[in-house]
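For clarity, chains are labelled A, B and C in written order, and residue numbers in each chain start from 1.
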Amino acid sequence: MTSPPVTGPAAVPEHRGGPGPARFRPRRATPAGTTARPRRRGLLSYWRQYLAISPFYLIFAAFSFFPVFYSLYLAFQRWDGLGDMQFVGLQQFRFLWSDPVFWLSIRNTLVIWVLSTVPTLLGALVLATLLHSVRRFKGFYRIALYVPNVTSIVAVAIFFGAVFSNNFGLVNAILGTVGISPVPWLSNPWLIKVVISLLMTWMWTGYNMIIYLAGLQAIPTSIYEAAKMDGAGPVRTFFQITVPIMRPIILFTVIISTINGLQSFSEPQVLFANNAANANLGGPGQAGLTTLLYFYQSAFLNNDYGYGAAIVWAFFLLIIVLVAVNWRITQRGRKP
Amino acid sequence: MTTSDPTAGPTTADPTRPAPRARRLRRPKGLTAHIILMAAVLLSVFPFVWTIVMATNTTQDIYKSPPKFTFGSHLLENIRHVLNTIDFFGSMLNTVIVATVTTVLVLFIDSLAAFTFAKFDFPGRKVLFGTLLLFMMLPLQLAILPQFILMSNIGWVGMLKALVPPALANAFGIFWLRQYIENGVPDELLDAARIDGAGFFRQYWNIALPMIRPALSFLAIYAFVGAWNDYVWPLIVLTNPDHVTLQVELAQLNVGHTTDYSMVMAGVLMASLPLVLVFAIFARGFIAGATEGAVQGT
Amino acid sequence: MDLSRRGFLQAAALTAAASGLTVACGGSGSGGTKNGKNLTLWYWGGALSDKVVAEAKTHFSGSVKLTAASIGGDFKQKLTTTLAAGGSSVPDITGIKGEDIASFLPNASRFLDLNDLGFKKLSSQYLGWKTKLAQTSDGKQIGFPIDIGPTALFYREDLFAKAGVATDPAKVAALVTTWDDYFTLGTELQKKNPGTFLVNNIGSVFDMTVGQGTQRFIDKNNHFIGDQDHIRAAWTTSVRPYTLGLDAKINDNSWNAAVGKNLLTELGAAWHALDIEQAAPQTKGKWRVCAMPVGPANQGGSYLALPKQCRNPEEAFKIISWILSPANDARGFTDAAIFPAAPAAYTMPAMTGPDAFFGGQKIIEVFGPAAKAVPDSYEAPADAAVMAPYKTELTNIEAKGKKPDDAWKDAVSQAKQIARRQGVN
C-alpha cells in the first residue's frame, strides 16, 4: 500500500547520506541500493527513533508478542488450565484435522465474513459518494450514519436478539401483519448467519463510509469537471474515476474489515447468551459458531486450553494463506 | 501532492481545491441522493428509537404479539430496576476513567511511532513495521490467557489499570496515522524546520502533531469507543466486583432464562445514550476534521 | 520442550519488567500465616441467599471481616483463570456450580479437603448423592453442598382441565409413570388445545432421561460409554416428542414469551419454578407440579469450596457451615428459590407452605421425595464436554430437520473425539 509514486517534489537530495543521524527517509527518491540508503553505523545514533517507537513496542512485546507465542507453546500441550501440562506433540492438530465442528466453524466464519463485508463496503462506498455529492445536511448525515459505530456490541446484540426473536420479535410481528408466517430467524442455520451479518453491517457501514469520504474529498474536483465535459454520466464517473482513484483506500478498508470480520466473536456470543448450555454455543445447529467462539468454548468452557490454542493457530495460518493467495491475485491483475 | 494515495485527506495547500459546486445543487439528482441518504439514516437510527419503545414499556408488552408499537410510561420503573440490579453509575465512572486514560495514551504513543515510521529511516524499520502488520491479523483472544497470567504476576488482576496496556498494543492506530502522516505532512516542512535547528521531538511536537489533528480526532473517537465498549477482556480480568465496567454490568442483565426484557432494554439505553450524546455533540468537529475539505452543510 | 510453566511465568514477569511496568508482588508468595482476618467470598447472583450472606458478615464480624462478591460473567472461567494465576486475587471461599464441580475434581489439590476441617461430622445432614459428586476417588471432599435441583413435571392445570384430563397432581403423576404415557397424554392434550406443545425442546428431555440413569457418558474406569444402550435409549425417548409433533423447538430467547402461551408442560428442577414465575406472571395460579415420568433426575445445584490459598481455613469452614446449616439453607429457598441439600430443611415452615403461583399447592410434597430419590450417578470430569455434541445434534434435528439416525451417528463420533481429546480412553 505504500508503493511510492514517481512524481512529486518532495525528495530532499541535499540530505542524502548527510551526516545527521536522524535522517529523513527519502521516500520519493531513487529505489533502494543507492546512496539514499543510510549506511549501517552505530545503532545508537538512531536512539531518538528507537526511543520514539519504544513505548509501543515494549507494550506490544509484553501484551501481544509474548502471549501469542505462549499460546503457540500451549498448542503442543494438553492442559486443563490448572493441572500440569503434558506435551502431546502435534496431536491437537491431528484432532483438529478430523474435527467436523472446527471445519463447520471455519465455514460459518467465512460465510458471515462475506455476508457482512460485501454489503458493508458496497453500501459505504455508495453512501460516501452520495454524501459527497450533496451540499445540505452534510454534517447531520455524517453523524447520523456514523452513530451505529459508537454503540457497544453487547447492546446491539441484545437488541438484535429481541427484534429478530422467533416468537415475539418486531420483524416477525411486522411480517405477520401482512400475512407472512413467522420466520425462524434465530433457529434456521442460514438466517442465523444473516442476522449476525446484518448486525455487523449495521455497525460498520457508517465507519467505512467516513473513511471513504475522507478519500473522496481528497480527489480534486477538476478531475470530475473534466469527466463531465467529456460527457461521462454519474455511473461511469463512479466506476472509471472514483473507484480506480480510491483503490488504495478501498484495499485499506478491505484489510481492516477482513481482520474484524474473521474475528467475529462477541456478536454470536451475546446473541445466544440465553442458551447458556455448552451445547448451544453459537445457536441452534451451531450455525453461529465462529472459529473464535469455538476456541473460547474449547479453552474456557471445556478447559481444553491446548486444543483452544491449536484452533486459533490453525485458523491464523489459514488466514495467512488466504491473504497470500488474495495478494497474488490482485498483484497479477495489476500488471498489464 | 500526488493523488495516488487519497487517505491523506487534508493536503495543506491544494491549488485545485474545489470551487463551490453550486451547479450540482439544484439538480433532481440531489433529491435522489437525499432520499437514499435519509433512508440510510432511518435504518441507522431506528434501533435507538425501538430501544426506547421497549424500554418504556413492560416486558409483557414486548411479549405480546404483535408487540406494542408506541412509547409507554414505564421508563422510570425500568430504570429503577436497572439501578437496583447493577451498579450502573459506579461502573460508568470506571468506564469513563479507563476510556479516557487509554485514549490519551493511544494518541501519544501511536502518533509518535507513526511519525517515526512515516518520516524516518533506521535499521530494522521494515521488519518492525511488518511485524506490526502481521500481528494486526492475530486474533486478540489468542492472548487472553497469557495476558491474564501476566497481569496476575504484576498484581493487577481485578484492577482497572489492567484494562489499559492490552488496549495500547493495538496496531491499527499506527497503521492509520502513518498512512496519514506520509502524505499529510510534507517533507519540505520538516526539512525546513530541521534547517532551523528543530530536533526530532520538536519536529514531531511542533510540526507534525498540529497538522494531523483531524486524523488524531478520528483515532480518538475510535480508541475511546473501543475502550468504552470492550467486553471480553474486562469480563475476564476484572475479578473485583467493585471495579467493573459498564459493558460487563450490562451483559449481567441479559443472562439466564428469566430475562426481564424491558429492564434489559432500559439498561441498553442508559449505557448507549451517554456515548451517543457526547458523540453527537462533539462529533461535528471530529468527523468534519477527519474528512476535512468538506464544504460545510448549512 | 521441557519448559515449565513457572519458567514461562518468569519470562512473563521479565517482559513486564522490561516494558517499564511496576512489578509488584509476585504471584506465589501468600504462604505462611493461615489466620488472616480478611476473607473474600465469591458467588454469583442467586447462588446463595443475599440475606444469609449479609447476616454471616455480622455474625462473624468478631473474628474476621468477610467480603462477599457477586461475580458476573462466566463464573467457572473466572475461577479457573484466577486459580491458575494464583496470588492474592484468589478468593478464600468460592462457589462452584454443580455442572462444573466434576471438571474441578482432577485439580482437587487446588482446594482444601473439607474432611480435614470437620465436614465428616456434618456430612450426614446432607444428601449423600450430592456430597459424593464433590468427592475425589480417594475420598477428598472439595465441595460443601449448597443446593440441589430435583426435577419434576410442571404443568398447566387450566389447559389440562380444558382437555378433560385429570388435574390433581397425584392423579397426573399416576397418569404419566412412563415416558410413553407422558407422550400419549401430550397428543391428547394437543388435540384439545390446538397450537400448544408438550415440551419446549427435546434437549431438555435428553437432560432428564440421561439424568435418570446411574451411568452417564464416561464410566469410573475412564472409558467412553456414550455409545451404549443407556444413552441410546435416552436419545430415542428424547426424539419421540419431535416425531409426534409435540415439540415446540424453542432454542432461542423466545422461551420467555412461549412459556405463558403455548407450552403445556415444562420438565425442570425445583429452581425452574422461579423462571416460570418471572417469565409468565400472568399465569399465576394456573401451574401445578407433579412427579416426573419414571423418576427424578438432578439438574444443577451448587457447592462452596475453599481454595488452597484460603487465608484462614478454620474460620472459613465455620462460615460456610453456618451459611449452609439446614436452618439457613431453608431460608435460601424462601429468598432465592434455592432448594436445600439438607433434608432436615424440608420439614421447616420456610418450605412447607402453600405456593400461590401453583394455586396453593405445597410443592415440597413433590420435590422433597424427589430430592431423596435422585439416583446416585457418576459424573466424570469431561462429562459436560462430552455431552455437548448430543445436545447440538438434537438441536440440528429441530432446526435443520436432520434425520435422527444421522444425528445420532454424528453425535457419537464427535463425542468420542472430544473424549479422546480430554484424555478419556
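Descriptive notes on the structure:
What we mean here is this: contacts are C-beta pairs under 8 Å (C-beta built on N, C-alpha and C of every residue); 3 or more make two chains touch, one makes a residue touch a chain.
Computed from a predicted model, the values in this text were never measured in an experiment.
Using the mean of the Cα atoms as each chain's centre, the chain most removed from chain B is C.
The interface holding more C-beta pairs in contact, when A-C is weighed against B-C, is A-C. Between the CA-based centres of chain A and chain B the separation comes to 15 Å, rounded to the whole angstrom. Chain geometry summary: the mean Cα position of chain B and that of chain C are 40 Å apart.
The set of chain C residues touching two or more other chains comprises 8, 12, 15-16, 21, 74, 77, 81, 84, 253, 255, 257.
Residue positions of chain A touching 2 or more other chains: 59, 62, 66, 70, 81, 162, 167-168, 274. For chain B, residues that reach two or more other chains under the stated contact definition are 63, 65, 145-146, 150, 165, 251, 256-257, 259, 261. Interface residues of chain B facing chain C in the complex, by the touch rule stated above, are 59-60, 63, 65, 145-146, 148-158, 165, 235-236, 239-242, 244, 248-249, 251-252, 256-261.
Those residues of chain A that touch chain C in the shared complex are 58-59, 61-62, 66, 70, 73, 76, 78, 80-83, 85, 87, 92, 95, 98-101, 161-162, 165-169, 184, 186-189, 272, 274-275, 277-280, 283-287, 300-304, 307.
Chain contact summary for the complex, chain C toward chain A: residues 1-3, 5, 8, 11-12, 15-16, 18-21, 74, 76-77, 80-81, 83-84, 103-104, 106-107, 110, 203, 249-255, 257-258, 382, 384-385, 387-392, 395-396, 398-400, 410, 414, 417-418, 420-423. Taken in their complex, chain A has these residues touching chain B: 1-2, 5, 7-12, 15, 20, 22-28, 37-38, 40, 43, 46, 48-50, 52-53, 55-57, 59-60, 62-68, 70-71, 74, 81, 123, 126-127, 130-131, 133-156, 158-159, 162-163, 167-168, 170, 173-174, 176-177, 202, 205-206, 210, 213-222, 234, 245-246, 248-249, 252, 256, 259, 262-263, 265-266, 270, 273-274, 276, 292, 295-296, 299, 305, 309, 312-313, 315-316, 319-320, 323.
Residues 8-9, 12-13, 15-16, 21-27, 45, 69-74, 77-78, 81-82, 84-89, 253, 255-257, 260, 274-275, 278-279, 281-282 of chain C are the ones touching chain B in the complex.
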